[in-house]
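Dropping the structures in below, format is C-alpha cells.
In the two assemblies presented below, subunit A is common to both, partnered first by subunit B and then by subunit C.
Our next item is the complex of A and B:
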C-alpha cells in the first residue's frame, strides 16, 4: 500500500487542473498526478484559432508554466493514455504497459468533436479544431488553402468562419441550425448569422447540406443537396462535443452519453468522481442528467469534485445564466445543455 | 538557416546496443558536417546488466565540452534511464518504449517520472524491432530510425552509416539493423505528432572535408605513437587505458613492432625502459593504480637518462577507486611521484587533437632529453569521441630526436657528460667506442656509481637543466582574452581546460571581463606566463576534477595569491555550465 494517498486525475483541461490545485492545497502529503493523452501542456483551447492564424504564438496558449506543477509537486504524465480502469483493485492500465495504483480518481477527460450521423461517412475528409494536436495538423494546411468549407454546428464555428474571412480565405458555411451546440439556434439567430456572414462575404447554406464529399487530389469536392458543386481546399467540422469515455466502458462505472455522476460528482463506484465535459450530472430538481460546457463550469466542477473527494459534500449547481452575443442577438444561456 | 547545439543521450543496459547506437549517430552526424563530442559511460563489469550511456553533443558551431543538459534522451532501458532524467532540459524530449512485452509496475516505467514540461514520444521499440528482424535486439536501431524521422536527419544517409558500421558482419545482421531503423523511421513519421522544435534539417553546415576523422583520446594517443615510430608497447590492462593496448596489439606487429602484455605494471615500465635504453621508442599506458606501481621504476628512466613514455589515463581514486568514472586526481602523483628529485616531463592534453599532438611531443622530448615523459589523460578524454581534421604527421626532426655522440665524443666517451643543456650525447648499445654503464645509482659522467655530494649536486642540476630546453621547445600556454585589467582569469588543465575555455567564451559573450589560460605542458611549467596572467587578473579561478584542488595548490606556490577553486568529483566530466555559473557568481561578488 502506498504510504500516502495517490489522487489521480485523468485529463489535463480546466476541470482536471482545478481539481489538482484544490487537492494539493488541501493535502500536502498525497501524491497528485495528472494523466493526459495529449502531449501538450494545459492550454487555452479557445485560442487555437488565433494560434493557427498566427496571431498567437505557442507559448501564449499555455495556461501556466511547467514550474508551477513542479512547485506544487503535481506529477504530469502527458502523452499517456489510460486504456482501462479496474475499480476493484484501484488500478489504471496505461497504454505504455504501466499499471498505476490510485486511492481516489477523478475523471476529467473532456470531450472530442462530434460528427452528426448524416456526416459520419465523410468524416475522414474533415479537419477539426478541438485540440492542440488538431491545430498543429491544420496550421500547415491552412496557410496555402484558398477555399474553405465549414460545417458549422456550434459557436466556435461562427468565430472561426469570421477569422478565416479576415485571413482572405473564400469561406463557405453550412449552418446546421437544428443540431446547434450548446444551445438551440432560433430562426432569428440563424437569420442574424446569415446576414452577418453575407456582410463578410461568407457564402452560407442554411437549409442545404452536403450530400457527397470526395477528395480530388489535395482538394475536396462537395455536392450539395440542391445539386450545387463546389471545390474547397479544406473542410472543417464543428458539431459540438462528445464526452471521452470509451476507455471507461466495461469498468463498472455507469456511463450513458457521459460518465453518470450525482450532484456531488460521484460516480456509482466509490472513490471515483467525474467532472467537466465528460461528466453527465444528475439534477435532482429536473430529475434528469445534464452535460455542462464551457471553461468556467469545468473549473468549478473540478474544484467541487476535488473537495468532495477530500470528504466534503459540495453540490454542483448550474452556473448563472450568461448573456451571449450571437451576431448581434442576445442569447440567455446557462451553458448547460439539456440532453 | 538556424544554428543547433544539442545533447543526445542514449541509455540502456550493457548488451542492448546502446554504445553502438551512439557511435553510429555520432559518425553519421559527423559525416553530415556537424561538430560532435561524444562520451560513453559503461559499467565496470565486463558484461552484464549494468547501465550504459552514450552521450553526444552535436552542433554546427565549435564545441569544447560534452554539455551538461540533455535535449533528447533515448530510453532503451527504463530503470537505468530514470536517473538520467534529472539532466533533461525542461522542454527536452524523451523517447521511450511504449510497448514493452509486459506490464511494468508503477514507477518502473520512465513515463511516470518525466518532469512537467518534458515532451515524451512513446515508440513501440520492442514490437517494431520484432517486426523488422524477428528479435527485439534491434530496438536501438528502431530508436535511431524514430530519431531520424523526428529530428530531420536524412534517412538514406543514415542507413548507409549503419551499413558501414556493420560492414564486417554477415548480411543478415546488416539487414536486421537497417530494417529495424526503417521500421522506426516509418512508424515515427506516420504516428508521432512533433511537439518540440528540434530539427537538424534547417541547419547551416560547414563544408565537409575529406580528411576529417572520428577518433577518441585513446585512439589519438595510439595513432600518434604509431606515427611517431613506436617499436615496443608493454602494458598491463587497466581501464581506461586498455584500448591503447588493444590498438597496439593489432597495429604494432604490422609495423615490425612488439606489443607485450606483461605480468604487471612494474614489468611493463621495466620493458619500456629497456627498449628505450636499446634506442627503440617505447611506451606504456596505465591508470592511477598502475602508475603508482610504476613509480618504483620511473625514477630509473630519470636517473639513467633513458627515454620512456608513460600514459596515465586517470580514473576515480584512490586505490582501484571508480574504474569507469573520470577524475583528475592523479596530478600530484604524476608531478611528484617516485623517489628523489626526479625531473620529468608531464603533458596534459585537453582535447582529442591535443592527445595526438602531445603524444608525438612526448616521444620527441623523451628521446631528445633522455628522460621520462608522462601523458596525463583521464577517462573522459580517453573515451571522448571527436571529429577532427586529420592531424599533421610528425616531421623528420620529431621522428629522430636522439642526440648521438660525435666521433670526437666517442674518443673519450662520457655518456653523462655535464653540458649546458643537460643533454649528454647518447650512444645506443652497439655503437663502437660508445660503451657505458647505466645505473639507477647516482653516477659520474661515465656512469660509474659516485655518491659524493659534488657529483650528486652536479648531476641533479644537469638533469634539471633539461627542463629549460624543454620549455623552449613547447608552445607557451594558451592565453585567450584581454592581456590586462581582467576581472576573472580562469586557469585550467587537462580535459577540464576545454570546458573552462568554453565557459570563458560564453561569459565574455554576456559581458564578463574574463580571460582563460591553460598549458598542455605541466612540467616544466611556463611559470612566467602564469605569473603574468595572474598579475593581469583581479580573481583567479581554477576548476578541476579532484577534491582538494591539486593544480590550484601547485600553482599557488608560483602565484603567491588566493585562488578560487571549483572542484567536482562526480565521476563525470567538468560541465562548462558549472564553470560559467561560478564565473557569474564571482562577477556578481565583484560588483558588490
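Our next item is the complex of A and C:
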C-alpha cells in the first residue's frame, strides 16, 4: 500500500481504539487518526456512575495515557464532530468547516441514549449518563438534589437507582418494560425489579407513565397518566441506546437501525467499515442483521474491522453467552440483540 | 463549460425581458428564473411554487390572513396542506443543510396561518369576465378542485362530476380524520365551490354518463380521477378473511365502519396510506401493529413527522422484510410469512433494491394483514378509447391534452400516485392550458418580481433557535377516538418563534463592485464561505448563471461576489461594509395575471 494512506476512525470508544491499535500494529507507515466529538480521552464508560458519586476520580476513568497515542503515532482529534461523509471523494466534512481526506474509514461512532417518541417533547428536561460530558453536567446537580426521578430503564438505570438510594436520595422509578436494554424485559423480571426496589424504598411505577413534565424554577413537576403530581430535583432518562448514524444519512452508506455491514464489517461502500455499537451486522447463520452491545464485543469488532481494512477476510462471530444478574434473576444473553 | 468573466457593474440599464414599475422590476429573463430556482430552494421544491419566505415573513409580522392568501394564490387548500403536505420544501430548506441545523417547519407554519387568521378574514379572488365556455371535470379530488377553482376565476363555467357522495377525493376518503379534520376540509372546499362551480356527486362517469356524452356537452373535459385501484402483490393467501387493501381499509373506516382487526396487525408498505392504516388499526383496538418494509426506513415515502407520530403510538417499523405468503385456518388469517432481505445496488448503480435472502423465511402471527403498496388509476370510464401509458392516461408531450380532442387529463391519473401538492399544481396548470386554448393566449404566467429592500430585523441569534415541536394530543387521549386531531397546531407565540428561523432566502444580498474597495471586511465577518473573490461565473445551457468560479490567486480576482446559494442572509456583511456598497433586493417568483 502507498505510504500516504490515511486511515480514519470516527469514534473514540473501545471499537475505535482497538481498530486504531491493530491498524498501527500491522501498518507502521500509514497515517492513523481517531476523530471524536467528545473532548475527553478514551474512558471507562461504566465507571461514570462511580465518578459522579465521588467513588472514582477523573484519572481513574482514563483507559490509557495520551503518551500511548504519541508513542504509537496515532493522531487523536478530540472535540471535533464529523458532519458529513462524501464517499465519492473520500472526504469527511467536520463541523468547524475543515475537510479531511481518508483512504479508508472505520465508523465506530457508538450509540446515544434513546428517548421514546412519546417523551421526546420533554427531552430538554432530562439528564443522561452516557458520556463523560453528561457526568460533568450532572455531578454538581446531584449532590444538592433530594428527589430524583428515573425514566427507564436499562441495566445502568438499575445500578444507578441503587446507587442513588444508597446516597439517601428519594428515588421514583418509572419502569418502561419495552425499553429495557439490551433485551426485552419479561414480566418476571419486571416484578422482581419492583419487589427489589420496594425493599430499597424506591417508589416504582410499572404501568403508569408521565403525561406532562414541566420545569418549575430549579425543580421539575411530573404529572402521571393517573393524575398524580410529583416534584423532583432532577430527571434521569435511561431507555436504551440507538446507534449514532444521523450524520451518515444521505451519504449513500446503507443504514437501518445501525450502519448495515456484512459479516466482514464492510459497508456497501468500498473502503468504509463499521464496528461496535453503531454497526448492524449481517449474520449468515441467522440470515438476519443483528446489533451487538458491550465493551468486549466492540473491541473484538474494532480489531476485525481493522484487519479486514488491511486486506484480511475475517468473519465476525457473536461472542459467548453471558449470565447477567437482574435483581436476583439470572438472564442468559449473548449480548446480541435482535432488532 | 461556458464562462462569463466578471465585470464591474454600474447598474441602470435594463436587459431585454425586464420591465420596471417604480422600484419594482418584472423579468422573464432566464438568468432571473435561474437565480430564483437556485436561491429560493423551498419555493423551487414546492410543486405549486408557493411563495414560502413571503408567507413566513407575513406570519412573523402577524398578518396571518395575508399569509393565508399568499398560499391560496397557488394552493387553494392551505389549511389542508398545512396538515398533510408531504413537504418537499422542507427537504430543500437551506436551514437544513448539514452545517446549519434543521429545516424550518414550513408545513406547520402554513397550518398556523390557516388556524390563526381571524374569522372575518377576507378571501381574495380576481375574476375574469365570463367566457360562456363550459368545462366538465371528472373527479373532485385535489387536482379537480384546483382546476375547477382556476377555471372559475378565469370566467368559465365548471361542472365537477364526483362518483362519491362528497367532494374531496382522497382527502375526504383516503386520509384519516385524526390527521385531517373534516370541518377544515369542508370549509376550504366550500370556498372553492361557492364561486359558482356546479358539483354533481354520486355520478359515476362511464356508468351513469359516458365520456363521449360529456365531451359533447362541454367545450372541454378534464380527467382528474386520481389513483384508486390498489396494486396487487399476488401473495398466496390474499383472499383470506382479515386481509385488506390499504386504501379500501382507510375508505371503509372513514365512512364509519369499525373493522375488527384483532390484536396483531401487520401492514405492508411504506407510504402515507400504510402509516394511516397502522394508526387506524391502533385506534380500532389492535395491541401490536407493525409496518413492514422491503427496504429500510430511509426509503419510506413519508416525512419524519409522520414516522415520529407512528412510533409515538408504539407502531413498530420493521425494515428488510418482504411478505412471502399469508397463512390462515378456516379461511381466516393466522400469520404472515416474511423473507428477510438485504440491499443491493440497482443495475445502474444509482439506486438500491431489496433482495430476498434465501432460506430466511419466518412466520409472524397476526390477526389482520393490510396491503398498502400503492395505487394505480382506474381508467375504465374511458371505455378503452384512450391511449394509455402503462395504466396511466397518456397525454401529449408537454401538454395535458390526450389523444381525444378537447379531452384533457391531469394529476395522479397521468403521473401515477404522487402527493396532494403536486396534484393541486397539475390541476392548475391543466386549467391554464385549457384557458389558453379558449382565449388564444396565456393569461397566467410566471415572472420574477424584484424589489429594492432593506435590512430586516432578523438577528443572528435567530439562526440558533431550535425548531418548534408541534404540540400533540397525549397518546392516551388520541387512541380513544378515530377522529380526534393529533397535531394541535402552533399558537401565536410558537408560530412567531418558528417564523424567525426562516433565513428569508427571497432576499438577495449583492455588492456594487463599482464602489467596493476590496477591503474584504465582509469576508472576515461571513459566517460561512458565502463571499468569494471570483474570476468568472458559469453560464448554464438555459442561459442562467451557475456556480461562481473562485479565483485561486488575488491577481485573478475580478470581483468580490456574494454567493446567495451559500448566504444565510445574516446581514453581517451589510453592517460591516465601510462603503455601504452592499445592497438588498427582494426576489420573488410570482404568477402574473394578464390585464387588458
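Observations, loosely collected:
Convention: the second predicted complex is superposed on the first by the 336 of 339 C-alpha atoms of A that agree within 3 Å, B and C clash if a C-alpha of one lies under 4 Å from a C-alpha of the other, contacts with A are read in each partner's own complex, and residues count from 1 in each chain.
Here, a contact is a pair of C-beta atoms (placed from the backbone, for glycine too) under 8 Å apart; a residue touches a chain by one contact, two chains touch by 3 or more.
Being a predicted model, the structure only gives us computed values, none of them experimental.
Of the two partner chains, subunit B is the only one that A:137 touches; subunit C does not reach it. Legend: residue contacts after superposition of the two complexes on their common chain; A:256 is shown touching subunit C, with no touch to subunit B. Within the superposed three-chain model, A:47 lies out of touch with both subunit B and subunit C [touch as defined at top]. By the document's definition of touching, of the two partners only subunit C reaches A:83; subunit B does not. In the superposition on chain A, A:211 contacts subunit C only, with no contact to subunit B. Of the two partner chains placed around the shared chain by superposition, subunit B is the only one that A:69 touches, whereas subunit C remains out of contact.
Once chain A of one complex is fitted onto chain A of the other, the partner contacts of A:99 are limited to subunit B, with no touch recorded for subunit C. In the superposition on chain A, contact is made by A:121 with subunit C only, not with subunit B. Contacts of subunit A with subunit B, set against its contacts with subunit C after fitting on chain A, overlap at residues 93, 95, 97.
Only residues 83-84, 93, 95, 97, 116-118, 120-121, 178, 211, 225, 247, 249, 254-257, 260, 268, 282, 287-289 of subunit A touch subunit C when the two sit together in their complex. Partner subunit B is touched in their complex by these residues of subunit A: 39-41, 65-70, 74-80, 93-101, 133, 136-137. Those residues of subunit B whose C-beta lies close enough to touch subunit A in the complex are 90-91, 96-106, 108-109, 111-112, 114-117, 119-122, 193-195. Interface of subunit C with subunit A (complex): residues 98-99, 296-298, 308-309, 311-312, 314, 319-320, 340, 342-343, 345, 352, 357, 359-360, 469, 471-472, 474-476, 528-529.
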